[in-house]
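Would you mind keeping the following structure in view while I ask a few things?
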Amino acid sequence: MRRTIAKASFHTALNLAVFALIGTAILAFTFAQTHERIAQSEEAEKLKLISQIVPQTLFDNDIIKDTLEIKPDPLLGNEDTTTAYRARLGGEPSVIVLEAIAPDGYSGKIGLLIAIKNSGELAGVRVLTHKETPGLGDYIEIARSPWIKGFDGKSPGNDADWKVKKDGGQFDYMAGATITPRAVVKAVHKALQYYAAHHDALFARPIKELKP
Amino acid sequence: MNYQEFKDILYNGVWKQNTGVVQLLGMCPILAVSSSVVNGVSLGLATSVVMALSGAAIAPIRTVVPNEARIPVFILIIAVLVTVIQYLMNAYMYSLYVVLGIFIPLIVTNCIVLARIEAFAAKNPPMQSAVDGFAMGLGLTAVLAVLGGIREIFGHGTLLSGIDMALGESAKSLVITVVPDYHGFLLAILPPGAFITLGMLIATKNWLNLRAEARARAETSTVQTQAA
Amino acid sequence: MLGALLVMAAIAIVLGAVLGFAAIKFRVEGNPLVDKIDAVLPQTQCGQCGYPGCKPYATAIAEGAADINKCPPGGEEGIHKLADLLGMEFKPFGGETVPKPKAVAIIDETTCIGCTLCIQACPVDAIVGAAKQMHTIIAAECTGCELCLAPCPVDCISMAPIAESVTNWKWKYPVYALTASK
Amino acid sequence: MTEYLLILLGAVFVNNIVMVKILGLCPFMGVSKKLEAAVGMGAATTFVLTLGSGSSYLISHYLLGPDLAYLTTLSFIVVIAGIVQFTEMAVEKTSPSLYQTLGIYLPLITTNCAVLGIPLLNVQAKHNFMESLLFGFGGSVGFTLVMVLFAGLRERMEGADVPGIFKGSAIAMVTAGLMSLSFMGFSGLIK
Amino acid sequence: MSGFFSPFITKPVSVSRIMLNVLLALVPGIALYVWFYGPAILISLTLASITALGVEALMLKIQNKPVAFFLKDNTALLTAWLLALSIPPLAPWWLVVVGTAFAISISKHLYGGLGNNPFNPAMIGYAVLIISFPVHMTHWLTPNGLGEIAFSFTDQLNYIFREVLPGDVKLDAVTMATPLDTLKTQLHLNGSISDILDMPIYGHLAGIGSEWVAAGFLLGGLYLLAQRIISWHLPVAYLGTLFFIAALFHLVDPTHYVQPGFHLFSGAAMLGAFFILTDPVTSPTTPRGKIFFAMGAALLTYLIRTFGGFPDGMAFATLLMNICVPLIDAWTQPKVFGKKEKQS
Amino acid sequence: MRTLYQFHGGIHPPTNKTQSNATPIAGAALPSRLVIPLHQHVGNSARPVVEAGQHVLKGQVIGMAEGHLSSAVHASTSGTIAAIDEQLVAHPSGIPDLCITLIPDGQDEWIARESCEDWTTLSHSELRHKLRAAGVVGLGGAVFPSDMKLYSHKQKIKTLVLNGAECEPYITCDDLLMRERAADILQGAEMMRALLYAEEVLIGIEDNKPEAIAAMRAAVAAGGHQKMDVIAVPTIYPGGGAKQLIRVLTGIEVAAGVRSTNMGVQCFNVGTAYSAWRAIRFGEPLISRIVTITGNVAHPQNFEALIGTPMNELVAQSEQLAGTTNYIMGGPMMGVPMPSKEVGVIKATNCIIASSDAIFPKALTALPCIRCTRCADVCPSELQPQELYWFSKAKNLDKAEDYHLFDCIECGACSYVCPSNIPLVQYYRFAKSEIWARDAGKKAADAARERHEFRESRIEREKREKAEKLAAKEKAAQEAKAVQPAIAPVKPDADPENTLQLKIQTAIDHAKEQAAAIKPKNTEQLTPEQQAQIDDIEARRARIRELAKDATPT
């Protein structure tokens, strides 16, 4: 009995191991072949998104590489460390791209990508993630409506303006769904305040290079 | 493998034993990824490739593997194939990869893959197994395409939206707006819509089968009367 | 690369060893499913399913080699039971396999020559008689399998459908035509 | 503590793996014709999924790490398949009565995509060990719950006067759709 | 033709009479609705009724069932009315049509029609609509006198059928979020209960107007009880549980959780307790089962209203509990005669 | 005052009793012919003991009780047996059954009767034997042989319940019997009490029969019966069901599948008590009973009718009106429609309703069940009729059984209140018969499996033995050969197949000759053993033919 168990165990183990090794080898090979390309794709994608809100004319550096780690901050609403991207024109800081989270959406957190010009003026905002009601609260997505473009060019200005029109502010909303825009407006406003508070640190060198 | 055999396997996979509307296997991707034609077809094709390759890979080694390790080994092979495809998609079709999300690795556990391997590849030679896998995958793709089409039209009023993700920017012009200024029947693109639409498809297949049977019966009876 | 290989090899070896161990340690014999299927079959032993009897058919089903809609004496109810037992979809009779009304065999005593061929054919010993004497069928034990018909050299056995009487009469299913077309 | 409770309840109701996440549908459709079968399948899945979630966490955290992340799928599924195979053999031998109820479902579990889906979601959501376990357990309890409810509905519907072409899987699919519609009522309950 | 078998006599009750009585019981609520909100609701009731009868006839025809025979049973009409009462009266015509058609065709006739459907058709219709067209489903009419401008019957007709508003009027001026919804929104914005309830849309117990509509439904419900068309178990267990849970939360934190009376008289609670949960086809049949069912529905209603993503939880609570009905029924079977306790 | 209990549910259909209970019981005219079925009771059919053409006297046994559970059948009047054959009987199936047709000779001449002044002189088993011989069966509807019910097995019975409830609408036969023959009923009750060793006798009568209650109370007082109570019970259908009445009178719930005797109660119909008394005291077998004739007739009334009287002859005496469609035996709730108007009155015939479209309108087309639970509210067995219906309709027999289908007493209260007009009871009857048939089939299959397996093992054994024998023989032959190689040349024994063929061929020819001749019974020149064997087979064959004719192999 003992011997057969040992033998069977050995046999099965060997079998499985051989296949596992072959499989792993193939996988490792594929990974090695593609991972560079994957990283590139991911970067390209990110760049595509960033370039939607950061005008081509405002930078000449490799934004993706010019990054900064941002620690959790109540003004940004982030709970984990996020990455900020910095656009420079002729070496001078021009735009910073921050990630922020609006915690009080209708059905949860709304993730935002916010580009702020050196002047403190907004370059653009995009929604990264959200769980708002499809068809009602999702007009904040660029794919659904241009609403989010309403932030373009806005500057911190008067606090009272940073509300939806219904509450006496300057931002549009869709009737029947004000919770969502309220949350986004509030979050963008706070991000601007964060920027104002940390402007210098944000553009400080050295540039943290992405490891290959 | 002759032509007839080839045709039989194909017919079996695409229509008679269709995974989506007959065998009801591999349904998670069918339901989750069929909110548009492009998504559906892309995952369907990826699955077809995996099925064909795994059929071909497993058929020759089926005798070597001891019984108790059979499932782990088969799964291992499938997993390797899937991961390879996943990386290729990740590298070369990034946006599509993002949309299909978790469902690419889940091809591994897509029941239809293992089910076909157990039911077919474990008993047949590699060539046939590959064809069978691919035919099954095609059947799946067909269901995904129809389902995706219906849901997309009802939900958004468009067809082929997102084709640029698969074929590149230039393909954007292929998107068809079926109903302009459409309100959007959101139910269709949400999970309930997926279930209900698939239910309708199954019923349609049942109906077609019934009709075909009735016609066949009518034919045989005319033949008989003629003979008489 | 090496790390990957090592990790996977380790996982595989551990798992394989455990499985191999389990395969021997936990080996079980027999297939209780066959008995369960056999219990559902009508035991007519007629072979209409294409197998020499109910048990062989049960074995074939258990192995997945036979469809569940092959036993006419079991009727649709039998198929339903098999489907339930095996977790499969119901499948109606197809082609020539259709159930017939229940019947018993009757030997016409005037022509029976006492050849005993029917006795040898009857799978349930429902025929009594000895060589060169009239044979007779114990109706209560006859399953109606018709296996005795073919061997009889003088065709003295016929099947008589079991007639409905006050004792075996059944209440009918209340039928209400709920269709628009009368 | 509340956090753990929310993960658990969220996995059972709000983000039900079948109704909302659309995973594990094949057993959901296939093994729900009879109540007992549904219960058996649910119990078997709960066992394997909880164990699988835990061991996947350990593997991804201690064996793979970030460098070998590309082996995630491969290693998870191989281990899960192993667990399933081992459990099946062990149960068959040690407890024939349990095997009667669970046995035939065990091999089917490997091809339940929830079994791989949940560990992968765990990795995605960066759950810690306890959270992974709870998420796995909650997910499979949710799976069991809807399986059992669905089986109840299907057993009842056997007597319904469903039009011919919808009999069987078509109406079951529609029912699953209406169930999932009902489950949308939970949305937003846990944010 | 039916067979000729015992019993040869039957009591003269019929399904259509029962349903007619239920329709009748809805009238007080509808009358009050018209009184407070104007006649728009009558338009959607008519629209829904026509659609329901049309779709029912079509589905019967396709299945080769006797059309007139089934149309006479009044159930399609009842489904239509209950659905029309649960969607905003100003909803565009196509919304009513889509909802009713879905309710009758998919949730009723795919299952074989009357008596076979596991889900409450009207509530399926409602759920489909609120998920698919949330915008239109949140535009409720402002009660008479509260709105900024008068909104005449022709204006309402114009809006329902052509989605146009008279000249300078904005939709916001004639519609509002329901009292429940407003409460939720305001709480979200950190309002406190007492401040919120001071808003002009609230009356004695709940929304001005809507509380009276609810009272109308309560009256109709009492009529149904008196007629023995429904049993007391469901409404009492539902309203009781809802009251109890609401009271519990309210006692713990009165600034965030509104009074229990508010819950009973807002949204669909009254309508649901007497007319929706009580749908005999989709609710349990055993007395104990009815109580469990209603308690579950009340709990879910409260949770969804207070913490969930929808302004009212009635419909989803009903549907979720509908799923459980077969099991509730199976597990609450009463003991049969002679099997109670062993006597010696 | 006694506390009465309640049972769940029940209904109050219009009673329609006043039509027929105003006139006293009339004697029915002697019919032109009597068709007496041999199977009128629960249990085995009686065995005919007369021959066609034979003259019989009133009360003469014409059918013998066969087996343990059975009852005798008697000639209802004197006359000639015209036929013993299959005829339509009072059974809903409309399938003919074995009947004895008797043409009365008009003399109405009794066979010698054995009366008994004092039954206490007889032993209990003698009494039971006499009841059995007199063909006394339950007249409350179940026609269960009464002698069987009067056997007090070890456990002691405390209460004897006499069922005079008569809860079904239209029927008044027990009412009239109690009004007119109360003393005899009570005598029967005393005798039953003695047989059962019961302490008390409770007589339950629905309170819509005040005259009967008064008459019975007067008789109790007059007869000086001790511990015997006449109790007015509320009028509610089915208050006369044995379990319901026992519940109302004693508070005991007789569990399903348990006999009431296990709980110390036994229940008899008042008519049964009356007939039992007549059988013992006057030696009169059960050849007549009180039958209510009502419905579409000019003079609804009760008759004392002979068993076997064609129903139309009886109804004619109440003057059947135009528009009568068919007859219903029993009441409107549980009665059965008769396959023909000519079928004979049987022991179970308590009432014949001449039905017309006005009295019992055609059932409306059923709608689907809306689960309104009105049926559950009235079910006296506390079942969930809507579930039973759902599963019966779907032919889901196991589930129907799980929901206690067999506790249904088929009272019809559920159908009565159903707003969808569903013939619920029909579905239950269907499901019950299917389950019985299925269980019978299952038993047969098990028996067949056993026989098959036995046969297999026998063949296996025979083969083995044969092989062993052959081996032994061969060995012997070889040894023999080795010893004496040249002596015995092996016989040219053609292979056995062939010989068999040959034999068969001759046999076939022989058979053909025989068939040409007129049915030669080759029974001459047989040894007594052979004769006995053949007789045996013939007898068995006769029995088998009978079986094949009327029974599933059970």
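Letters A, B, C, D, E and F mark the chains in the order given here, with residues in each chain numbered from 1 onward.
Heads up, the rule we're going with is that contacts are C-beta pairs under 8 Å (C-beta built on N, C-alpha and C of every residue); 3 or more make two chains touch, one makes a residue touch a chain.
Remember, it's a predicted structure, so these values are computed and weren't measured experimentally.
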{"item": "Centre-most chain, if every chain is reduced to its averaged C-alpha atoms", "value": "D"}
{"item": "Pair of chains joined by more contacts [C-beta pairs], A-B or D-F", "value": "A-B"}
{"item": "Farthest chain (mean CA position) relative to chain B", "value": "F"}
{"item": "Most distant chain from chain D, judged by the mean position of its C-alpha atoms", "value": "F"}
{"item": "Whole-Å separation of chain centres (CA-atom averages), chain E against chain F", "value": "54"}
{"item": "Averaged-CA centre spacing for the pair chain C and chain A, given as whole angstrom", "value": "66"}
{"item": "Whole-Å gap separating chain A and chain D, where each centre is the average of the chain's CA atoms", "value": "32"}
{"item": "Length of the line joining the C-alpha centres of chain C and chain F, rounded to whole Å", "value": "35"}
{"item": "Junction residues of chain B, two or more chains touched", "value": "66, 68-69, 72, 76, 79-80, 83, 87, 184, 186-187, 190, 192, 196"}
{"item": "Of all residues in chain E, the ones touching two or more other chains", "value": "2-3, 106, 112-113, 116, 128, 131-133, 309"}
{"item": "Multi-chain contact residues (two or more partners), chain F", "value": "365-366, 368, 423, 426"}
{"item": "Complex contact set, residues of chain A against chain C", "value": "1, 4-5, 8-17, 19-21, 23-25, 27-28, 32"}
{"item": "Chain D contact footprint on chain C (complex, rising order)", "value": "3-4, 7-8, 10-12, 15, 18-19, 22-23, 25-28, 84, 87, 89"}
{"item": "Touching residues on chain A, where the partner in the complex is chain D", "value": "16, 20, 23-24, 27-28, 31, 35, 106-109, 131"}
{"item": "For the chain F and chain E complex, residues of the former touching the latter", "value": "7-8, 11, 13-14, 92, 169, 243, 252-256, 258, 263, 326, 328, 330, 332-337, 355, 360, 362-374, 376, 380-384, 386-387, 403-404, 407, 412, 415-421, 423, 425-426"}
{"item": "Contact footprint of chain A on chain D as seen in their complex", "value": "70-71, 74, 78, 187-188, 191"}
